[in-house]
Amino acid sequence: MEIIFNTESLSFEYISHDEKKEQKTLALNDINVSITQGEFVSILGHNGSGKSTLARHLNALLLPTAGTLWVKGMDTKNAQNTWQIRQTSGMVFQNPDNQLVATIVEEDVAFGPENLGVPSAEIRQRVDWALSSVGMSKYADVGPHQLSGGQKQRIAIAGVLAMRPDCIILDEPTAMLDPRGRKEVMQTVLELNRNQGITVILITHFMEEAVLTDRVIVMDAGLVVMDDTPRNIFKEVDRMKKLGLDVPAVTALAHQLRNNNIELPDDILTIEEFITYFKP
Amino acid sequence: MILEVENLSHVYDFGTPFARHAIKNINFSLKANEFVGIIGHTGSGKSTLVQHLNALIKPSGGRILLADEDIHADKTKLKSVRQRVGLVFQYPEHQLFEVNIYKDVCFGPLNMGLEPDEVALRAKEALQLVGLSEELYNKSPFELSGGQRRRAAIAGVLAMHPDILILDEPTAGLDPAGRDAILSQIAKMQKAVGNTVVLVSHNMEEISRLVDRILVMSAGEIFFSGTPAEVFSDTEKLTAAGLAPPPIAILMSELRACGFNIPSGIFTVDAAAEVLTSLKRSEKREKGAEQ
Amino acid sequence: MRKIVIGQYYPATSIIHSLDPRIKLGGTVFFIVTLFTVNEWGAYAVAISALASVIALSKVPPKFMFRGLRTMFFILVFTASLNIFLTPGENVLVEWFIFRITSEGVSQAARIGLRLITLVTASTVMTLTTTPIQLTDAIESLLSPLKKIRVPVHEIAMMMTIALRFIPTLMEEVDKIMKAQMARGADFDTGGLVKRAKSLLPLLIPLFISAFRRADELAQAMDARCYRGDVGRTKMKIMRFARRDFIACVIAIIYAVALTALNNFL
């Protein structure tokens, strides 16, 4: 499988001014990861762990202050690559209201391909395809302010899809949504990954969402501290708690029962698994 | 009864073709010192309901009695109603406007026309209650973290000394650590001040640990209500209201379906661990006895 | 607050909806100009029936047409009464104190009122059948000759689009912040001018902060979607003159001729 992102000692430092004194903060500290085409990766970490900073590097909104990041072999520091990189890895942001540009849904979805200079007839096709991929064809003609939060995020995803990217990066797309909206967005993203083979990188702090992905990267203080399958990540219940993160309730329960000397595997993630092992 | 709601209903865009009921037939009451949760999915009417409770929205029908007095009976008393029923909106940090958080917290008490000494006293006390230390008082809201900004905004309402404090989605958008910190602070504060607290949320877990009683809203009405144990055990009704029951409650009901003898009303990890441990231990003992 | 809608597009599939927005914009301006050149009842009848046919063709329920008039009501009454009382004439109907109403005045007021109603309804028909984005596209296209003298036409149109997109969002925000400050005892309705202006600070400061935050996030989102001005930009919907647009032009010309004839020769 082709590698879509890889980094070599990627670091990012920023300077904040606080009443005359300058303060340097190392938001990303020597990151070395690589992500393969078609993977569904989630990045977990508490606020300020550097996960959003990393996401913004992946489509060249931020550039490394040291080290290198390649997107499909293109160095993000080379300004000539910027537009190609942003087309390759599209980005969906946290606040659904602040990323929709147009007053009509289909016009908004068309915004990306229009910027890329795609011929009109093809934009039309891409917009229709993108809207149907996120299940929002019915809403092509309405205004964004008439949609729910979850629907707006699906439109934002469609807007990225219409650019025909290899990868979609979602920066806490569900943080401002209710449970129903969260489910909608996750379902959409899962389908895109499974059916269209699109690489998905999901920044989140909801562990229920991370459980559904293929690989979890845990960040803390600008470092990658864990990088494994969800099963292997969440069985480290105590470590996750120390990092300020949750584990699925069922996993936490199994962990407590193991501490009480009840025999159960340490990597239970779902209710079904729990029942299977709990039954005598 | 500190607050009573009788047959409350509200119609948006009344008299136009777009008229729709936001809430209808709402009846409930709040006792002094009670900690009540309101859950429901977006659009279930919970935000509209709580905005009625401090007279920000006028009901289309029914009335609200605050200490046996209709809150809309005397227009000149609206300000006092809003002081007695404090409402913290969703993302309250977006309302901060002063140069530092201390001054911002003073805004409410100043509007009440209190003496400067009293204002200062209340502001400090409120900031202490939400766990913000003195070095932060002169900081601009921009210099604080998201969680700290939210605490400052909550302090702004607390400083008015409301008899009833309503918090609309106080943990929205926070990470797990920030969420837990805010919730434990709210619980601590309720114990310290002893006022009535209403927590509006769509997160089951966070409500279950704190409140005495839960109202479940759906389609503008109170769909059902009860203690956390009663509400969270009824996974079917919760699902019908468009809510996801706590995973532990689902697990318990599925284990029960498999023939395990599990009492109802278990929905937290700790309670479940206790019940399942004793279950397994007695199972072992029985096995031991057989052999 | 919730009812303020700018860009009151009514989605439907009709011949009027599918006309080139440039034709609709130009046509509306043309129609309004013709209204001011005529003064005969017969001509008004033609103008009104032309407008009525456009409304019928647009498939928008007529009740939507007159919404725009509601906000205009005061101006309408004011203009009409000015004309009733101030038009000099011979044929006095009522006279009281310094007021005197003449039949010329009444007829002048009726004409002016009718003209205003027709004017507002015509622009309402346009905004009901044209999306704000089509409208900005039309303006961008009609103004594009100005690009030669370095007028940033594309940027202006983009700003209009974004403004239209964010008006409902900011309205909601105003409502929310106002309520939140009222919950803290703020009073926006009483006191003198200075006190009122001061009382707006707790509303305006958070509103500006939030608008800047939104602008910043939106700029980043636009960057991420490869926006770089109109360099190499294409459009999904190209405005192209179709047969129906030529027919519309011809109808407009016939209408103008008929109007002039009625106004001058009958």
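We call the chains A, B and C, going by the order they appear; numbering starts again at 1 in every chain.
We take it that a contact is a pair of C-beta atoms (placed from the backbone, for glycine too) under 8 Å apart; a residue touches a chain by one contact, two chains touch by 3 or more.
Model, not experiment: these values are computed from the prediction.
Asker: Based on CA centres, what chain would you say lies at the far end from chain B?
Answerer: Of all chains, C has its centre farthest from that of chain B.
Asker: Go ahead and name the chain pair joined by the largest number of contacting C-beta pairs.
Answerer: More C-beta pairs are in contact between A-C than between any other chains.
Asker: Approximately how many whole Å separate the CA-defined centres of chain B and chain C?
Answerer: Going by mean C-alpha positions, chain B sits 44 Å from chain C.
Asker: Just give me the whole-number Å value for how far the CA centre of chain A lies from that of chain B.
Answerer: Taking the mean C-alpha position of each chain, the two centres sit 30 Å apart.
Asker: Show the residues in chain A shared as contacts by 2 or more other chains, in ascending order.
Answerer: Residue numbers touching two or more other chains: none in chain A.
Asker: Could you please specify the touching residues of chain B with respect to chain A in the complex?
Answerer: It comes out as residues 41-43, 143, 145-147, 172-178, 202-203, 205, 242-244, 246-248, 250-251, 254-255, 258, 269-270, 272-273, 276-277, 280, 283.
Asker: Of all residues in chain C, which touch chain B in the complex?
Answerer: Touch list, chain C to chain B: 2-3, 176-177, 179-187, 201-202, 205-206, 209-210.
Asker: For the complex, give me every residue of chain B touching chain C.
Answerer: My answer: residues 12-13, 51, 54, 56, 79, 82-83, 86-87, 89, 92, 94-97, 107-108, 111-112, 156-157, 160.
Asker: Show me the residue ranges of chain A that touch chain C in the complex, using the header's touch definition.
Answerer: Within the complex, chain A contacts chain C at residues 59, 61, 83, 86-87, 90-91, 93, 95, 97-104, 106-107, 110-120, 123-124, 127, 141-145, 159-160, 163.
Asker: Given the complex with chain A, which residues does chain C contribute to the contact?
Answerer: Touch list, chain C to chain A: 7, 9, 11, 131-133, 161-162, 164-165, 168-169, 172, 213-214, 217-218, 220-228, 232-238.
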